[in-house]
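To start, the structure itself, in structure tokens.
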Amino acid sequence: MSSGDSSDDYGVRLLNPDGSACEHVDFLALLGVEGLKGCYGAMLRARHLDEAATALQRQGELVLWIPLRGQEAAQIGSVRAASPADFIFPSYREHAVAWDRGLPAVEVLRLLRGITHGGWDPAAHNLANYALVLASQTLHAVGYALGLQLDAQLGPRLDAQAGVPGGQEPAAVLVYLGDGAMSQGDANEAFVWAASFNAPVVFFCQNNQWAISTPAARQSRVPLAARAAGFGFPGVRVDGNDVVAVHSVTSSALARARVGEGPTLIEAYTYRMGPHTTSDDPTRYQPAGEVDHWRALDPIDRVERALAPVCDAAWFGEQRAEAEAAAARLRTETLALPDPPPDAFFDEVLVTETEEARAQRASFREYRESFQV
Amino acid sequence: MSSGDSSDDYGVRLLNPDGSACEHVDFLALLGVEGLKGCYGAMLRARHLDEAATALQRQGELVLWIPLRGQEAAQIGSVRAASPADFIFPSYREHAVAWDRGLPAVEVLRLLRGITHGGWDPAAHNLANYALVLASQTLHAVGYALGLQLDAQLGPRLDAQAGVPGGQEPAAVLVYLGDGAMSQGDANEAFVWAASFNAPVVFFCQNNQWAISTPAARQSRVPLAARAAGFGFPGVRVDGNDVVAVHSVTSSALARARVGEGPTLIEAYTYRMGPHTTSDDPTRYQPAGEVDHWRALDPIDRVERALAPVCDAAWFGEQRAEAEAAAARLRTETLALPDPPPDAFFDEVLVTETEEARAQRASFREYRESFQV
Amino acid sequence: MTTTRMPRPGTLLVPEARSAAEPAPVSVPLARALGAGLRDAMAADPKVVLLGEDVGRLGGVFRVTEGLQEEFGEARVIDSPLSESGIVGAAIGLAMRGYRPVCEIQFDGFVYPAFDQIVTQLSRLHQRSAGHLRMAVTIRIPYGGGIHAVEHHSESPEAYFAHTPGLRLLTPSTSADAYLLLRQAIACDDPVIFFEPKRRYWERGPLTVPEDPPPLMERARVARPGTDITLIAYGPTVRTCLDAASAAAADGRSVEVVDLRSLAPLDWATLTGSVRRTGRAVVVHEAVVTAGLGAEIAARLTEECFYHLEAPVGRVGGYHAPYPPARLEHEYLPDLDRVLDAVDRAFRY
Amino acid sequence: MTTTRMPRPGTLLVPEARSAAEPAPVSVPLARALGAGLRDAMAADPKVVLLGEDVGRLGGVFRVTEGLQEEFGEARVIDSPLSESGIVGAAIGLAMRGYRPVCEIQFDGFVYPAFDQIVTQLSRLHQRSAGHLRMAVTIRIPYGGGIHAVEHHSESPEAYFAHTPGLRLLTPSTSADAYLLLRQAIACDDPVIFFEPKRRYWERGPLTVPEDPPPLMERARVARPGTDITLIAYGPTVRTCLDAASAAAADGRSVEVVDLRSLAPLDWATLTGSVRRTGRAVVVHEAVVTAGLGAEIAARLTEECFYHLEAPVGRVGGYHAPYPPARLEHEYLPDLDRVLDAVDRAFRY
């Protein structure tokens, strides 16, 4: 184990690796059988989409792919704890979060095909665009959470105005970051702000043991969840490969946030089963046997074992077929993505294009057209 | 109390406000009577110098003064725990630290008279120049501490080279920061690094309750000392107005650091008795009665009470006379400080002046001389 | 011009101006005009919130936000933790939630911890989100020297931001513009870095408050018309250049002074118009000359007015050295003499 | 030129070169030349230490530091926490203790979290300490586009640093210079921001290793002599300009290409010498043109060569927009055609 702390401490667990349920003094399983079946489908779908994307990258159809393999439970368990009104800030590996939130799978690939730096409408699914600068999004999340607080405080006055939020159901913010990102100043400033304003924000750290080639032990010699107490709010480590526990712990943190009880840091103890990105070669740095150890803890297999007694082969087959179909669709849709217009990089630099930008764009077009003849 | 936590928790205390000694389960008083007398003299001197500097500023002889009044015990107790080989990084209010370390008092005023941005040789007293960008120095301190570690590891190889350190007595780094600076990304990145490399560094946070007008509660809702545990190293709050306790706690942290037991965060719970700087008007934001509360806890009075049984009036009079004489000398020396040469700002921009800089300096001189005729 | 009618702190300027028929313009210090601008913007739109170090109870170290927390409450005038990256990062999040945050960076030299958030996030989120997000964030930065301050309190970092696409940069030089440009900045859906010439905070000027501040103009202002040479200035150096122009007039030289007001985008129409008439230009700023804004202005004016220029575009600004300690700043800052010297050089061609 | 003798990773180049009498220059990729430079610097001076994200075990994401941790140990090749401000801040502390740290910032777009440490600390501590401290720190930054990367991986932030006094900026365009300039940077007692043209990492060139690398030269290099116009380039655009020069030669135009190598300070003697001969100049860089380094070069060259210039100094570079997604970078990057277009425009005056 590379996290530097007691290797047996996977955190809160409600589903054992063998698929049997277990109890925890603080957390109750909130997912019933139907909920678990839903998670299974979503995780399986994420894995197939992820594999399809990796294949597309290998075939030169994407400039890069960032695999999430191994982190399906951490992502699906947490995103399913969020209500539609909650606002989510992903980092850059949270494809399962994005997809489960309703973002069409191809939208993520549009980015990694090199067509856009983001592209989707954050308001459509209350899902921010990806943030590649590590931890930058944690401060945005706190700011958004301050906005939620302000909505409530200024509500009556704001309601009087057109088109402003207010009077809506209580909401919270869920923000994802990695074990590596925990070392950035921004993440820690976000902790300061969240505590100081008791902001309705849940920091969800996927400790997948690695930041590219850097083991989590280089970022912290104690469990990352312990960081929170030093800032004055609760931190909890959860078995990130246990979708039931992740869902339960995240639900409870979001509920706390929504009713004004402030921030929580969740450390989902999981593992990056693939390379950092398709450009990476983890065999250069990962100790032998590590992947095998974690393969035995695969988050999807675990749910499969839990569901085996209640679901028949036909149901499992259906799930697989659906996931495969989604992957095939993703492939087709990706290949059909139109290239952006050549001058698209001039778009939306500012809300209102300046005269200078207009002139620059015009001369760019003119220059380009000079070759068309 | 503005710190947001239990108002009675002044931290480790070995000397009661009434001057009587008290015991602590973890820390023993290391200062004997002679040690305490030395501290008294240093604190008294610091207060007189500080007052003289404030007066000089009011008379227009300094561009600014940053009073340390109230923080004499925190500064003298900690700096006296450091060995000459230890390296010290002040922030910008640690005049008592600098003076006690041997820096001529006027050197600090040279900066605040607007003659230099720093000026003194850090190697002369193992004392870095002031750092005005909050928390920037915490990372330098960690880097320096990594250098101390490297010296030990590379020692044999380095000793073979000329003029390099190595083989010297074990040393540590002592770095000062404020309660406000604790919120900066840099401070928290420094904590990450210090823990990750188990660096020989002691972070000494003077929680003087205020960051200009911002109460410490805005930076943290738990004692700042608690921050350390989240990063995996010990934190301890000490009564910053108790010079004996500060000295004991800092000595023990530095000793730990020197023998490879890693970093410590010390929160010295104290109070800024004056304005933030001579530009500030604390009456705009400080709650009524706060200063009175803390005046009763004055760090110098406390030692005076402790020494009263063992020192006579003549000794106290001598101390006061010496402090007054030092203040008078400071005044004279400050007024005698020569202005820098007009082109001094070109000096030491780079180690070797570039051709361009040389040309710019020459034309600057020529331009200036054109007025001299 | 020198009317003594001063708005009391906390006075809503808009109705006051509205109520009087043809009111005589009040004369107020630039800092007070900024405060009035903030106040009126907050009164007009509940989505405007302020955040920064010491902006609340204290009213900011320059007292620009004085009285605002009392009037609008702690929810809308937020004393932040000491974390500049946090101030800008939180403002981005607030903007995503539909607010119009106005950040105060206490001094120019302390904007760098927020540089990443400004350059990689604030300036790009509108485009990154394909236009869905609007970063209606204003970042106020008191900038420039001349106030006898310690290190980091006298800098002019505008070139860093001018080189960064996705930002607008504004800087007023008069009380009237301070109010107007600040209202425009806050009303603007783009991120605006708003540079406040701190050594001019206490200079007074007339302030008439328009009924509705006009939308962002990006237009430079001819602060003094002239025919022989164009001085291009902004923020604190406008006054310096106006003084230089007066001095030059005594020598029979007619000097035009252009106050840029918007540093990004630059108003090329006004600049080229002026320089094609005068044939000579000098850019004056406090920032280091090397790769400063003056370089862009000189390069571009030369491109656009190549056959009109009688002399290369001159540049007067900071030497290639960190901003010096207080005792030397008069040697470092562009002053009337250095401007006149540059004017002379332009005429020697 | 295309010799196949390649140093094996971990081969000490200095003795090898020394041992052979008149050795034929080996041809190595630029990235490998950098690795050799680091290696030889570490072998020559035990005070040289490396720190950065993934520089150890992995050898860096571009494998520039490959093999160095194995050879010099974890104490001297430090895999850092993910904290750029920490990397530079710790390097400053190490330099204070007498070390010569070489930092790697993983990609151009991730230098901004370290901006404060670079601009307010690294660049100023020598002067702040009245010359007592020497900041012998090298910051390696792979920069520029053209590698089909995602956001923040293709930027050219050099202008921000060129505007900052107290820093030296170097950027090689060939394997030989990569080795030489890096050795010089590490040996230099000033802080050096060392920009590595990442899209040229795999281009090969001859590498002879000098017995003792000469001290820092700050000298530009005439990469191709010519008489009609001067192309001024650096890092990744040198190759582009050399190609443009070859193409222009076919049209009978003799194009001189100057490779700046040092971006701060700039080698004005070489530049003005060239432009006074040719009478025309175009600066080519990938960075945004607005307030970019080209502006400084154009402004200054115009000042110094006013009567020699037949046309304004042209500028070819990034448009005023964030560096685009991979599918559009060929539209955004200055290429041979855009350079030739600028050359044509210069001749139309």
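Order of writing sets the labels: A, B, C and D. Residues in every chain begin at 1.
Definition applied: a contact is a pair of C-beta atoms (placed from the backbone, for glycine too) under 8 Å apart; a residue touches a chain by one contact, two chains touch by 3 or more.
Model, not experiment: these values are computed from the prediction.
Trainee: Among all chains, whose Cα centre is located farthest from the one for chain D?
Mentor: Centre of mass proxy via C-alpha means gives B as farthest from chain D.
Trainee: Report which interface contains more C-beta contacts, comparing B-D against B-C.
Mentor: B-D
Trainee: Taking the mean of the C-alpha atoms as each chain's centre, how many Å separate chain A from chain C?
Mentor: 40
Trainee: Indicate the whole-number Å distance between the mean C-alpha point of chain A and the mean C-alpha point of chain D.
Mentor: That gives a centre separation of 36 Å.
Trainee: Where in chain C do residues touch at least two different other chains?
Mentor: 80-81, 83, 85-86, 109, 112-113, 116, 120, 124, 127-128, 151-152, 165-166, 320-322
Trainee: Multi-chain contacts in chain A: which residues touch at least two other chains?
Mentor: Counting only residues that touch two or more other chains, chain A contributes 116-117, 133, 182-186, 189, 192, 196, 218-219, 349, 356-357.
Trainee: Please name which positions on chain B make contact with chain D in the complex.
Mentor: Within the complex, chain B contacts chain D at residues 116-123, 128-129, 131, 133, 136, 138-151, 153-154, 157-158, 161, 164-165, 185-186, 189-190, 192-193, 196, 347-352, 354-357.
Trainee: Give every residue of chain D touching chain A within the complex, in rising order.
Mentor: Answer in residue numbers: 53-54, 56-59, 61, 79-83, 85-86, 109-110, 112-113, 148-152, 319-322, 324-328, 331-332, 337-338, 341.
Trainee: Which of the residues in chain B come into contact with chain A in the complex?
Mentor: For this pair, the touching residues of chain B are 182-186, 188-189, 192, 195-196, 217-222, 226-232, 235.
Trainee: Provide the residue numbers of chain D that touch chain C in the complex, in ascending order.
Mentor: Of all residues in chain D, those touching chain C are 109, 112-113, 115-116, 119-120, 123-124, 127-128, 151-152, 159-160, 162-166, 264, 287-288, 290-296, 298-300, 302-303, 306, 311-315, 320-322, 349.
Trainee: For chain A, which residues count as touching chain D in their complex?
Mentor: Residues of chain A touching chain D: 63-64, 111-117, 132-134, 180-186, 211-214, 218-219, 279-280, 284-285, 339-340, 342-346, 349, 356-357, 360, 364, 367-368, 371.
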